[in-house]
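What follows is a set of structures for review.
Below are two complexes that have chain A in common, paired first with chain B and then with chain C.
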Partner chain A sequence: MKVFLSSIKNEFLKQKRGFTWIIVLLLSLGTSFLAFVDVYLRYDYLTKKQNLLNTWEILLLENHLSALWFITFPLAVTTICSLLYYVDYKDGGLKYTLTLPISKNKLYFSKWVTVVIFSIFMIILNISGLILAGKILNFPDSLDIYLFLKYGIYQFISLLGVISLQLWLSSRTNNIIVSLAQGFVGIIASLFLAQSQFIAKLIPYAHILYSIPLKGENNSIAIQGGITFGLLFLFIGMVHFKRKDILD
Partner chain B sequence: MRKMLQIEMLKLKHSKVLWIAALAPAFIVFQGASNFLRYYDLFTGKGQNIWNQIYTQSVIFYSFLLLPILITLIMSLMGKVENDNGGWKYALTLPIKRKDMYISKFILGSCIVFINILVFIVSILIAGKMVKAPDPIPYGMIIGQPLLSYIVSFPIMIIIYIISINFSHVGVPLGLGIGLTLPTLLVANTKYWIVYPWTYPAMATSGGGLFEQNMLIYPFSIILFVAAFAIGLYKFTTKDILS
Partner chain C sequence: MTEYVIETKDLTKEFSNFTAVNKVNLKVEKGEIYGFLGPNGAGKSTTIRMLLGLIKPTKGKSYLFGKSIESHSINLLRKVGSMVESPSYYGNLTAKENLEITRKILDADKKEIDKVLKIVDLTKWKNEKVKKFSLGMKQRLGIAQALLGDKELLILDEPTNGLDPSGIHEIRDLIISLPGMLGVTVLISSHILSEVELMATQVGIINKGELLFEGSLKELKNKNQSEICLGVSPMVEAEKYLLDKNYEVDKKNGRLFLKKGVLNPGLLNKELVFEGFEVSHISEENKSLENIFLELTGGIK
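Right after this comes the complex of A and B.
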């Protein structure tokens, strides 16, 4: 257990000089800033158009859709997964990491836990940014913390599928561009293919679209899909990683 | 110069970049066409042109998101080949002019992006045929607009190219390119889009009917491209390579 925890700490140390923290901070706070500017400029238009929702829900909707958080977040997770392997590749490959007294399964799982922790940071930063934006704009409605709590949890569960899938895809190739491209094209193509709920159940990239905690949204797709695909690709990734011969 | 181009092509021979360039637009068109098929009655109910609808569905996401992201990936790859293995030291000890290296890498990158655009056009034509859309095919729109958006995407290409050559970490041009791509939808709606080159490909295709045609982008993009190309060339030929 101690070795496992120290390998997670090791993963974070490897990212210290890299870009992952910049991505985590910039993208999550940047998106809440974009949502803030958007609601600030279009306040009257938005409140008139969405008269069924209160202002906090409008802010959440704008963050998720207009500020493209539903694309940015999977994009960021894809990049973090690829960067995790890129840092290893640049420093001479996984040879050195594999000399440690830790099983390959636990190593792969520690990478997974690292990405999960990064994505939790991103969700917390984004939601804090949104709450701050709402306070600055002096919304008339009172803050409903449960709304944001549900939003955060739904998002996190729905993204487990992407995390596992991208971690597996990034482990298959040394070239960061290829793993990034697989993720990006997958996200952009599946976000539209997933307009029918039936197909959306099968595509992990699309589950985040169903994570908005408003009435009339089918959140079960997000939760079931996230857990199913998260565990499935974690398992596939671990088996593949264990069998893989690290030659370089 | 021709030899330089051949050498650069050899460096990319084992890379999978051409597959990425080729397959990605096909994906987008596939989703555009399937989107169209899903809402078939909604789109053709008022007797609109089927070709228009398929094209519009695909080009919105292509010009706003996919094209800038693919340009970022391809141009970052151009610098990555040398940056990764300490290659600048070796490449620049050869008896070649630095100017030739700079120009030939850029030409190769822009050719791969051009292949990307061609695949997009061909995919739309194939998708239209598969949906059995009736003639006449609006060739002007399907072939003309993507080619125009290729021309105005040169500023994006040159900016990412310069950044990828000057920074040894591949994450810098990737992150900047993708980070600047994400707000394009919001920026394109404001009146400041003209200073933001990432909105130019979308504006050239008039965002699939979302925005009006604006002739300003052509002179702007040409001026921006020539200026950035000259600055990049000057910096590359005079810079001291230490790593």
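Right after this comes the complex of A and C.
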């Protein structure tokens, strides 16, 4: 257990002075800020158009769709997964780490947990930014913290499939461009394919679209898909990584 | 029975289109500096990667401290420090932070970092980012990483690769001092015999995946059979005469070469002169260790 925890700490240390923290901060708070500007500028229009929703729900919806959180969040996760392996492949760090007394499974799982921690951190930052935006805009409705809690949990679970899939893809190649391109194509393709609920169930990148906890949303796609694909690709990734010859 | 620090049994690695390592049987005893020699692409790094569990052998087994690396990798790797092919590092981190990564996994004392930095003479640069380091400094950091913790075996793959002569000298002195200073066994690979000649107590020579020789440098030298070089005319007739007398004769660059064996050059000279041949040159040629190595590995035909 101590080695596993040390390995997680090492993953964070390896990202020191890198782009990862910039991506995390910029995309989470940047999206919250965009949602704030959007609601600020179109407050009257939005409250009229979405008359069945309260102001906090409108802010959440604008954050998720108009400010493109459903794209920026999986994009950030894709980039983080690629960067975690990039720093390891770049100057032979992976080769060296695996000559230390740590099993491949522990190393792989510690990377997975690191991405999970970064993702939770991004969600917390984004939601904190939204709550701050609502307070600044002085919403008439009282803050429904339960709504934001559900939003955070649903989107985290919905993204488990992307985390596991992208980590596996990133572990397969020492070329960061390849794993990034695979993720970007998946995310863009899911925009079109997610129109069908049936197809969306099968595409991990599309699950986040169904994670808004509002009436009429089929959140089960996000939750069931996230858990199923998260576990499936985590298992595939671990088995593949364990069998992989370290030649680079 | 001798317990070897490293032992491989018919270690083989086949890739889709070639065999990188073919039935290699290495034996490294405790306290040795073992030079693992071979030209580029001979299979040294692949063998080392199999010893460290980085790649799985197609056939055969490798044992460290008498135990199979496949089934005891975690316990065994705790005792092994390594540098494979080139130094591995995180360029955005300082030398100290790089060593901290190793220290955390080994759960070693924090003082170990200062100790190994001192051994490799990097204390002054410990807070500098590694990407600013020269190749020699990176190599030294790689050795520091390998030394961190209570190591009993060091596996250093081409540690002098890319270094200038003074850098090579520096690393060589450091490696020679390690068994005495820390009591470790060292396996060092190289494609240049002269680099390990001054360090190694034993050598293994590999080429095209096959181990061609294993033993001491003295044994390697004894493999050399001196030759007698003759400048004689008429050469064709002299060659025929010597072949008829069952001598092993080789013709190179206008000279005849005979395996020395028990031959006495003086008597040979006398014999040829009595037979009417004109002997203009006679000398005894000893091959250098480098030439023996090159001949073994096919560098000299």
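We adopt the following convention: the second predicted complex is superposed on the first by the 247 of 248 C-alpha atoms of A that agree within 3 Å, B and C clash if a C-alpha of one lies under 4 Å from a C-alpha of the other, contacts with A are read in each partner's own complex, and residues count from 1 in each chain.
Basically, a residue touches a chain if its C-beta (ideal position, glycine included) is under 8 Å from a C-beta of that chain, and two chains touch if they have at least 3 such contacts.
Note that the structure is a prediction, hence the values are computed from the model and not measured.
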* Based on the superposed arrangement around chain A, label chain B with chain C as either clash or fit. => fit
* To do: Figure out whether A:102 sits in contact with chain B (first) or chain C (second), or with both, or with neither.
  => second
* To do: Answer with first, second, both or neither: which of chain B and chain C does A:181 touch in the superposed model?
  => first
* Asked: Which of the two partners, first being chain B and second being chain C, lies in contact with A:189: first, second, both, or neither?
  -> first
* To do: Please work out whether A:202 is in contact with chain B alone, chain C alone, both, or neither, and reply first, second, both or neither.
  => neither
* Asked: Does the superposition put A:231 against chain B (first), chain C (second), both, or neither?
  -> neither
* Asked: So, does A:34 touch the first partner chain B, the second partner chain C, both, or neither?
  -> first
* Counting only touches as set out at the top, which of chain B and chain C does A:18 meet: first, second, both, neither? -> both
* Partner chain(s) touched by A:71 [first = chain B, second = chain C, both, neither] -> first
* Structure fact -> With chain A at the apex, the angle to the CA centres of chain B and chain C, rounded to a multiple of 10 degrees, reads 80
* Distance in angstrom between the closest Cα atoms of chain C and chain B, superposition on A -> 8
* Touching chain B and also chain C: which chain A residues? -> 18, 90
* Structure fact -> Within their complex, chain C touches chain A through residues 49, 52-56, 73-75, 77-78, 80, 82-93, 97, 100-102, 104-107, 129, 145
* Structure fact -> chain A residues touching chain C in their complex are 2-3, 6-7, 9-10, 13-14, 16-18, 87, 90-93, 95-103, 243, 245-247
* Structure fact -> Interface with chain A, chain B side, in the complex: residues 15-17, 20, 23-24, 27-28, 30-32, 34-35, 38, 61, 65-66, 69-70, 73, 76-77, 80, 84, 169-172, 174-175, 178-179, 182-183, 185-186
* **chain A residues within the chain B interface of the complex** => 18-19, 22-23, 26-27, 30-31, 34, 37-38, 66-68, 71-72, 75, 79, 83, 86, 90, 175-178, 180-181, 184-185, 188-190, 192-193, 195-196
